[in-house]
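Consider the two complexes below, in which chain A is the common component and chain B and chain C are the respective partners.
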Partner chain A sequence: MLEAKKLVKYYTMKEKSGWFARKKQQIKAVNGLDLTIKRGEIVGLLGVNGAGKTTTIKMLSTLLAPTSGTLSIDGIDALQQPEAIKRRINMIAGGERMLYWRLSARENLMYFGRLYGLRGSALKNQCDELIKKVGLAESADRPVERYSKGMKQRLQIARGLINDPDYLFLDEPTLGLDAPVARQLRGMVKDLAKKKNKGILLTSHYLEEVEELCDHVYIIEKGHLLLHDTPTRIIQTIVKDRILLVVMDRLTQEDWTWLRQELDNRGIHTQKNETDEGTQLDMTAPFDLTAQFIALTHQRNFHLLRLESKKPNLEDAIIRLAEERELL
Partner chain B sequence: MWTAFSATFKRQLVTMRRAYPWSFFIGHILDGVYITIFAFLSYHFIFQGELNERFVSYTGTSDYLSYVIMGGVFNSFTVSLLMIVSRMLITEMREGTLEALLLTPSSRLGYFLGAAVQGLMRSGIEWVTIICIGLFFGLNLVSAHLALLIPILAAFCFAIFAQALVLGSFMLAFRDTYITQNTLFVVMMLVSGVSFPPEFLPQWMQCLSRIMPLYYGLDLMRAVMTKAQLSFAILQNLLLLVALGILYFFIGIIFIKQMEKSVFEKHFG
Partner chain C sequence: MNLLNVIWAEMKKSHRHNFNNRLMYFSLFVWPVIQFVDSYYAFKPFNLGQDSPLSRFVPVEKLGLFLITGCLAYIFFWSLVQSAWMMGYEREQGTLEIILLTPAPRTLVMFSRAAANLLEAVWLFSIFAVLTILFMGGLHVAHWWLIPIAVVILMLSAIVWGGFLNTIFLFSRDAGFLYTIFEAPMAFFSGVRMPVMAFPLWAKMIAYAFPLTFVLNILRSIVLDGKNLSAIFQPLLELFLILLCLIIASFILVRYAEKHAKETGNLTLF
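After this line comes the complex of A and B, so read on.
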């Protein structure tokens, strides 16, 4: 288990104020964050730009020393034994960095493998296996500078797995990837957690991805923890509304007046639009209103053309959360 | 440490074969050649073969051309090796590979040594090229005391390597290569006795000579490669060179460690 307790990171920045005078300014990027990752689990870390996600990941991967707080991985103190920690973790960031462009995929992996102390046939096998796994077998001996973005990203994944880490931190791994490549990557991440029993921390701005993959999610704001729960429960607690979208044969004025009255009585908020197809109703209520609405249509024999119940997703939840925070 | 050494050596070798840094190569050779030609022309046309007596008394030789060509040869060798080693980490930073490197539990010393030994191959080629050119312009290699040359070269390379570690940490701190390295190179060329003995300089500038491995290195190389007799001063300078190297080495290791800790705090991205 990875356990971070009360992690704090302040950046000090020197700001110019006048010609020579400089003011020191402190940025509280992470401010007392508690976080745990168990093996076999995918944990999401969400927050708007500048919330402190990358800073957190850099602290977990020992690249940044926390201003205060503790970090331990499987009982090993990361601040006292960074070397031992480095063997057990790896980090992958989105974008095209963290690879040597002049070297080929194989040379990159061999180099990093050696830096992790692998050698001989163990090293060679590990490289071959990873190259195959990320589907770069055909271009393994071409310099990376001639790779496409997706290929570079896949090679990065291979680099992140070269030391067979127990914990893997992914900082926006699907940034700028095509949908099919991103999907493939998601499949791999899932396998790593569920089949290989790795603990994974994921940040991403694609919320569907987080909803699909993560067992639980930390939402942070300005370095503070805002919420920590499973995606489903986050959605349930934040977005209480259910939305029902209906298209039906054009309603007469009289029918509409009646229907509206009935819906109002039940506390269902309705919006009506006339479209080419017929009358379209958008209904919102803090409960699942499908059954009630259908019962009403039976009373007057309305003819339904289309009925769609929209389930709120994580994105709705985050947007709602952001709106609520604005109001405060 | 051994794995980091051999891994980095191989990586640098592949990179060099794939994309030989021709501009640096030619630049370093030209540096040496310019010094040689400049000395050759000024000696023949400005001084018209006349040497200042003080020169002879300071250097113990009247062979000005050999003096300067040796200076040019070793100056460009030093610059080349300093650049290769000191620019390693900041290049990783600029190319976005520093994080991946620092994530690994590898020995940084092994990493630098791998780069340095591979770099020696490159600097060695440049070195031999300049010496060959120098021979045409009147470089006089009197005697090469091989038994002395090898320990001197080894001590010299070590001291330059150590100096490069310090230079590299300054580069990381200032996030700059150009100004940092060239400031050092200009001062180094001025005070180390490259084209004139530092005794011509004011006293306070001569102090700077004492912290330049190139100063001791040049003195030793000239002694064993262009002078007929050996003197006891060789041993003293050799010891000073090694001591200076050890000093730079420890400062460099400490500085690099410090810089690695703070590099991601000062650096966005």
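After this line comes the complex of A and C, so read on.
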């Protein structure tokens, strides 16, 4: 288990305020974050730009030293024994950097593998296997500069797995990838956690991705923890509203007056639009209103053309949360 | 074993990365050859008789040998300034951060990097130098086995020097100024084309700030003056001490640079 307690990171910036004079300025990037990742689990880290996600990931990867706080991985103190930790973790960032562009995929992997002390046939097998796994077998010996963005990103994943880490930190791994490639990557991440029993931390601005993959989610704001729960419970607690969308044969004025009264009595907020198809109703209520609405339509034999119940998703939850925070 | 593994990794990488452009050999071969020819013929028009000021320091008939050894040693050192300068690329590309993400011993990586770049950078000019020396003749060596020793001294010093420069580039994205410090001044003050002994005092003081000065001194003592080991014991000791200081400094600086990077996150600034 990875356990971070009260992680704090302040960046000190020296600002020039004259020829020789310098003013010190502190940026509080992460401010007392508690975080745990178990093996076999995918954990999401969410927050707006500048919330401190990358800073957190770099601290977990031992690339940044926390200003204060503790970090231990499977019982090893990461701040005291970074060397031992580095063997068990790896980090992958989105984008096209962090690779040698003039080297081929295989050469990149061989190089980084050797820095982890791999050699000989063990190294060769590991590289072959990873190249196959990320689907770069055909272009493994071409220079990386000739790869597409998606291929570079897949190579990054392979690089991040070269030391067969127990914990993997992914900083926006699907940044700028098109839908099929991103889906492929998501499948790979899921397998790594569920089949290979790796502990995974993931940041992403694509919320469907987080909702689909993550067992639980940390939402941070300005370096503070705002919320920590499973995606389902976050949605349930934040977005109470359910939306039902209905299109039916055009309603008479009398029917509409009756229906509106009934809906109002049940606490269902309704909006009516006349379309070419017929009458369209958007209904919102803090409970699942499908059954009640259908019962009402039976009473007067309304003819339904279409009925669609919309489940709120993580994105709705995050937007609602942001709105609430604005109000405070 | 880990040592060899890291050196091998760096060799493979630099071969593909730094030398895949043939133009690279232009600056590492054609350019120094021109420099050699240029300085050789620059001395020609002067009256370099037995009573010339220069001949007090370099026997006139050995001028060619003096210059070619100078150029050879300079190329060893200069090529590593170039390779250190390429650390800037690793920083920009983010690969430096990934190297620091691995548990590989950092100082070892720095020195391996220098060693890996050295062989590839100097082999072509070395062949030229050997052929020139054979052609010119006038080699004066006490024992034949001193020649491989001289080569090893030259290589080891260059590697230590290169590793040290690599660590300096860990600190700052603005270390490019080293390029200007080391190009012409190192060639001039280290006595590549002029004997250091002929310098005025102030220039001598600068000269001894460059390890290349010490290396060249020893190299020329062996191949030009036919000195044996005991005669060059003192300069060897001095060189050894200087290299030791550079190694120790590299160890300390690498640790400090990493600590600094971990505190400020400056590896992502470029």
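The working rule: the second predicted complex is superposed on the first by the 321 of 328 C-alpha atoms of A that agree within 3 Å, B and C clash if a C-alpha of one lies under 4 Å from a C-alpha of the other, contacts with A are read in each partner's own complex, and residues count from 1 in each chain.
In this text, contacts are C-beta pairs under 8 Å (C-beta built on N, C-alpha and C of every residue); 3 or more make two chains touch, one makes a residue touch a chain.
This structure is a prediction, so every number in the text was calculated from the model and none was measured.
Peer 1: After aligning the two structures on chain A, examine chain B and chain C and state clash or fit.
Peer 2: After superposition on chain A, chain B vs chain C: clash.
Peer 1: Where does A:M98 make contact in the superposed view: on chain B (first), on chain C (second), on both, or on neither?
Peer 2: Both: A:M98 reaches chain B and chain C.
Peer 1: One more residue to check, A:L245. First (chain B), second (chain C), both or neither?
Peer 2: Neither chain B nor chain C is touched by A:L245.
Peer 1: Looking at the overlay, what does A:L305 touch: chain B (first), chain C (second), both, or neither?
Peer 2: In the superposed model, A:L305 contacts neither chain B nor chain C.
Peer 1: Look at A:A322 in the shared chain and tell me whether it touches chain B only, chain C only, both, or neither; answer first, second, both or neither.
Peer 2: neither
Peer 1: Looking at A:M1 after the superposition, I want to know if it touches chain B, chain C, both of them or none. Which is it: first, second, both, neither?
Peer 2: In the superposition, A:M1 touches no partner, neither chain B nor chain C.
Peer 1: Would you sort A:A122 into first (chain B), second (chain C), both or neither based on which partner it touches?
Peer 2: Neither: A:A122 stays clear of chain B and chain C.
Peer 1: Mind working out whether A:A295 is in touch with chain B, chain C, both or neither, as first, second, both or neither?
Peer 2: neither
Peer 1: Name the residues of chain A shared by its contacts with chain B and its contacts with chain C.
Peer 2: Residues 11-12, 58, 61-65, 83-84, 86-87, 90-91, 93, 97-103, 107, 110-112, 114-117, 119, 159, 163, which sit in both footprints.
Peer 1: Taking the complex as given, what residues does chain A use to touch chain C?
Peer 2: Contacts found on chain A: 11-12, 55, 58, 61-65, 83-84, 86-87, 90-91, 93, 97-103, 107, 110-112, 114-117, 119, 159, 163.
Peer 1: Please give the residue numbers of chain C that touch chain A in the complex, ascending.
Peer 2: Residues of chain C touching chain A: 1-2, 5-6, 8-9, 12-13, 16-17, 20, 93-95, 97-104, 109, 259, 261-265, 267.
Peer 1: Applying the document's contact rule, which stretches of chain B touch chain A when the two form their complex?
Peer 2: Listed in rising order, the residues of chain B that touch chain A are 3-4, 6-8, 10-11, 14-15, 18-19, 95-97, 99-106, 261, 264-265.
Peer 1: Please give the residue numbers of chain A that touch chain B in the complex, ascending.
Peer 2: Checking each residue of chain A against chain B gives 11-12, 58, 61-65, 82-84, 86-87, 89-91, 93, 95-103, 107, 110-112, 114-117, 119, 143, 159, 163.
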